[in-house]
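In what comes next, subunit A is part of two complexes: it sits with subunit B in the first one and with subunit C in the second one.
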Partner chain A sequence: MKKASALRRILLYIALVLLAATLLVVASGASPVTAFSVFLKGIFGSKNSFCEVFVKGTPLILTGLACAVAFKTGFFNIGAEGQFYMGAAAAAAVALRCDFLPVVPRVILAFAAGFLAGGLWSLIAAGMKLRFGISEIIVTIMLNYIAINFVGVAVRTFLQDPSSGLPQSERLAAAAVLPRLLAGTRVHLGFPIALALTALVWFIMEKTTWGYEMRVVGLNPRAAQVSGISVAGGVVRSAVLSGGLAGLAGVIEFMAIQKKLLEGFSADCGYTGVLIALLAANKPQLVPVAALVYAAAQVGAAAMQREAGVPSAMVSILIGAVVISILARAWLSSRRKEAAHV
Partner chain B sequence: MALLSMEDISISFYGVYANEHVNLEVEAGEVHALLGENGAGKTTLMNILFGIYQAESGRIRWNGKEARFSSPEEAIRAGIGMVHQHFSLVNAKTVLDNILLGYEKAPFFLPRKKLRRQVLELSDRYGLKVDPDALVGDLSIGEKQRVEILKALFRDIQLLILDEPTAVLTPGETDQLFQVLRQLKQKGFAVILITHRMSEIMGNADRVTVLRDGKCVGTLRTADTDAQALSRLMVGRDLTPAANDGGEAAGAPLLKMEHVSVYRSGRKRPALEDVTLTVRESEILGVAGVEGNGQKELAEAIVGIRRRRVKGRIHLKDQELTGTPVLERTRSGMAYVPDDRQHDALVTAMDIGDNLLLHDYSRAPFSRRRVFRRAAIQQNAQAAMEDYRIRSAGSLGAKSPVRLLSGGNQQKVVLAREITPEARFIVASQPTRGLDVSATAFVREKLLEQKRLGKGVLLISADLEEILALSDRIAVMYNGSIAGVLDRKDATMENLGLMMGGMAGRKEAIA
Partner chain C sequence: MSDNMLSLAFWTALLASAVRMAMPLLYAGLGEMISERSGVLNIGMEGVMLCGAFFSFAAAYYTGSLWVGLLCGMAGGAMISLIHGLLCVRGKQNQTVSGLALNMLALGLTSYLYKLMCNTGAHLQTAVLPKVSLPLLSRLPLLGEAFFSQDAMAYIALLLLIVIFVIYRFTRAGLSLSAIGENPMAADAAGIQVEKRQMLCCLLGGLLGGAGGAYLTLAQLGLFSDNMTAGRGYIALAAVILGRYSPTGVFLAAMLFGLANAAQIRLQAATNAIPVQALAMLPYLITLVALLLSSGRSREPEALAKPYIRGGR
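Let's look at the complex of A and B:
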């Protein structure tokens, strides 16, 4: 029953978004019919454009999962952006600098390094929270700035391509690039990996004692303590899992799409992850749906801007409004709950 | 003409009526009791009057005119004051500051001296003694309540609503409160007293309106009725809760505490000071006391939630438990029913099945190699729901989130989890707080059953009637230490009350 209502909610929001979109398109002086047909053609017009949805959606699934896991367990990780960069940087360091290893172990090692780097990066915030009681929201945001600029330094120093003066690393060897799944498109192995990780995260959170402990700690740390469940253990675990997933998003973006490390290559995937998690009501199983819907909107908006002259920022405005309405809804229902608790 | 009349008031939450066609009439110069069990809708009705909720139907007439208050500010401006069960005072500010907080008539530049004098006059006039310059955080609960009443009176009110004012007071403080109420009545104030304690009504209220299940079941003059009749009206039937008949003599010592103290960080005086106690098999040891006198620390030191800054030794049977973590104590037979079930005992967003697992989730048959076995969990939940007659929300069964259950059913979930065959010793803290009569009876019967089974129970309760009904022996806590331990046969409301107020040393006062 709950799952159905969450799905219904998403559909309702899509309808509302369409309505608001019409108004915005009219306001920007274009014909809604043209704009929408361009928008839809941008998404479904060709195999290539449709596959772009999955390309853009893949990192969002992972950062969305990262945030969903964190929010579900009471660790308010707003640092997926920084963890994304740290993951990518670690993967780059392994994949580019460990060329003495054969390709397969090198790629696996790069994934592991990316997960660890993201996980450890968010563990800093968990440590500050547990030891000094500092809000993880503040610390993870600050760590974003550090991570982003750390990558800036890295691509100018130890990870810089010696053969070019540009602030970027050398290109990943073709053999180490994640293979594409369909000829003529950019959709790659990262997408099924992201889906598999979604299933794994759902299993951990819902079906294992690990996930149970994390949920208890997140929902009611006091009850966890009274029952003898380690609060620190739960927080550390959710920080590492969450940060690690965001790190993997960076790894995949590096190894499948960008193929080199450079500044600003996340395109705000980490921050968008917060939004994806909210859209999916923090349920891992709904994260891919929310991420793909979001990615499709982005792909369609880009086409609309190209061909109908409607600014693609319109989509960002709409999504911002949707998220605010979700938060308001959650707030309202918690107020009602309070009122009923007499 | 009545000062206040509320007619045909209805309000519902989630389709359940909290008030259904309720009528209430209050005259100037009367103390009007609003009697009913927990959940009968007393507080809801008053929150409607005070502008916190809006009624779905019905009328309020105030001073002869139709009125509708959309916020507490409006109600206060119209002359209604309310003292809530949970005080709304700022601990870090002085009494005077708290009284002036939100005082609308105060000019921008506060004439503190003049207002201070007015506050003092007011407190003299009604016998509400309190130092206006003291920090509220340093006051006792009784004094804080006086500040709340003063704060209400300072705003020129005609009607004062008190929500369960005596729940947190010692018997002595309760007497003082009622003296104040008599004064207010003489001066022409109307007072609405929300309570579920019969004894307070008979001597102190002029009339009483009884609510049951959100409906008004009658308004009576106290002079024309008696406690028995009121109780029947309130509950809807005769009900005598189970009591300890003193059978099953206590056996061998089970829990032994020796010189246990609990220190608080940054404070010199311990919250629990040098407590030595023994609870035997087949024994219920009641711990009486006004809340906040170290009971919570006592419970948490025993079950292991507090381990740091704890001195002294704790044994369960022959096993030393000093310093061991919670789970180890649970495994060796310790169970804990905390006072604050929503925060300490339950994860209200999770379902019944998950909440029952809080101790045993990592053990077979519920999980193997960290993976849950849903069938076993479901079976366990169903068995518990049958044994304890847990009524779930709607058709969700064991899958219903605990937050949707009533207080009584929530407490049953806690009991079902804690009272296992392995649990040899049970710490039950305020186990019937906020429960209705039938759930209370159920909980009490469960605790007595544990005694019959040879287990030991430490019953912490602020409700003296409960302590007297269930205990074999009674320890009284005052100011972090044990003021004395009495046999049930030597204990009375009066001597317990004196000990709770810290008068244990004055033997002549007891005699």
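Let's look at the complex of A and C:
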């Protein structure tokens, strides 16, 4: 009964999105049939374009997981964007500056450094929340800007490639680049890593005492406290895990796609992660689905803009509208429940 | 540095450009402050400003009137803010999620509409508000150029600052608006209509935030580009906290951000020794430090971002 109604709800959302998309296409003066066939061809047209979905989806899976873990614990981490950059910067520092190490340990160390950097960056917000009661929402947003500017400073000073003079680091040695999985496409080892991390996060959150405690803290900190679960412990774990995952998104984008540290290469995937987590109802196992659907929409819409002149900004409108209607539905159904009680 | 850093002319010019850069933040910061003091955290201020920027530009472009542009920009901002109000005040939904979703919606909507506007490939441009120098006052040393040789919207912002200060400091209405943010249950018991007042504050916040976005197009640039607010809505959130939820505080915080921005641009032209990003980081660091220093005696409204459910606990 419950499953069936959930399915019906999802189908309803899909129908509404298609309707809204059609309206937006028509309003931009294109023919819906052309636009949608270009959209689908943009995604499924070639091996390469199809694989782009996984390339674009990989960092979103990780930032989405980051937000889902944090939100489940009641820690409103809006800072995946900054944690992404701190992770990428730490990985760049290790991968580019520790060249006395052989490749494999260097790459592993870069991953560890990226996880730690992201985790510590979000731990600042957790500390300020726990110790001083300062809203983590605001602190993580401030930390985003500090991190973005920090990368700006880094690529102009200690991580700058002296030979180029541009604000960017040296190129990562070819041996240290995460290998591609399919010839002729950009899909890389980061994607299976992201899936493995999804499974790991699901396992931690659902099957371990640690994860159980974190969920209780998120559901009801008061109840957690009286049953002997440390609220601070839950929040700290959640902050480190969440920030670390966002940091890994930065590490993987750096080591597989950009291959140098640059400014502005996250393409807002930290902020998008918040919405991905929400679309996945903060369930780790659903995050890859939401992330890949979003990435596919982006890839298809880019083709639609190129070939049918429909602005790709349509995707942002639709995602925003979907989240808003999810909130509106939650409101209406709570009202209905209230009415039933009275 | 081209000018002598110690010359009066340098500081006069720096201060004047700081005031111009502070204006969008002052508008949006005051709007956010009103919203937050009633208990509604609007992370969607970025989207509010972006809609303000776009709709003011579009209206000014099609009608040729900058003042019609301003009104439309304010209406655009209010639209986003009222959706937020509906979902969060009436619907008791999560304010962070709603705000972020609205930011994304606004980013998509404005970029989409702007693409349709310039389908012909033309470069769209409008006039900008002229500078009006007030007689005598504008000749004051240092402050004259900064505060008395600005455009009309800047004067309006400074007047609004005074009005809002007076309302919150000296009137019953201001007191009741703050009471809602501190303790909605007590306010309700005292006969204040909590939800109605919160919606009103959302509306005011949206109008002001929209004007802040409109300032970028109508007073500064005369054009629109995708995502042109570039995080100013989030900076306005910081300005409210740094300004400790008071109108004068918001003004000083907005000035600090404006000053850092103006200094950064001047440094960029003058030197390569320090990356300007190091300077750009400062206002955010200062905000964090200010948060730390003021902790314990925080001015944050007690019920900020907590939905008030009548008869609930």
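Criterion: the second predicted complex is superposed on the first by the 318 of 342 C-alpha atoms of A that agree within 3 Å, B and C clash if a C-alpha of one lies under 4 Å from a C-alpha of the other, contacts with A are read in each partner's own complex, and residues count from 1 in each chain.
Keep in mind that, in the parts below, a residue touches a chain if its C-beta (ideal position, glycine included) is under 8 Å from a C-beta of that chain, and two chains touch if they have at least 3 such contacts.
Only a predicted model underlies this, so the values are computations on that prediction, with no experimental measurement involved.
Contact with subunit B, but none with subunit C, is seen for A:Ser227 once the two complexes are overlaid on the shared chain. Contacts of A:Val139 after superposition on the shared chain: subunit C is touched, whereas subunit B is not. Once the two structures are overlaid, the count of subunit A residues touched is higher for C than for its counterpart among subunit B and subunit C. Judged by the touch definition given at the top, the superposed model places A:Cys98 against neither subunit B nor subunit C.
When both complexes are overlaid on chain A, the residue A:Ala27 reaches subunit C alone and has no touch with subunit B.
Contacts of A:Leu219 after superposition: subunit B is touched, whereas subunit C is not reached. Touch criterion not met for A:Ile108: it reaches neither subunit B nor subunit C.
The interface of subunit A with subunit B does not overlap its interface with subunit C at any residue.
Within the complex formed with subunit B, the residues of subunit A that make contact are 207-210, 212-213, 215-216, 219-220, 222-223, 225-229, 336-337, 339-340, 342.
Touching subunit C in their complex are the following residues of subunit A: 24, 27-29, 76, 78, 128, 132-135, 137-139, 141-146, 149-150, 152-153, 156-157, 271-272, 274-275, 278, 309, 311, 313-321, 323-324, 327-328, 330-331, 334.
Interface of subunit B with subunit A (complex): residues 13-14, 18, 39, 41, 43-44, 47, 53, 303-305, 325-328, 330, 336, 338, 343-350, 354, 357-359, 361-362, 367, 370-372, 403. Listing the residues of subunit C that touch subunit A in their complex gives 41, 43, 83, 87, 90-94, 96-98, 100-112, 115-116, 119, 226, 231, 234-235, 237-238, 241, 275, 277-278, 280-281, 284-285, 287-288, 291-292, 295-296, 298, 300, 304-305.
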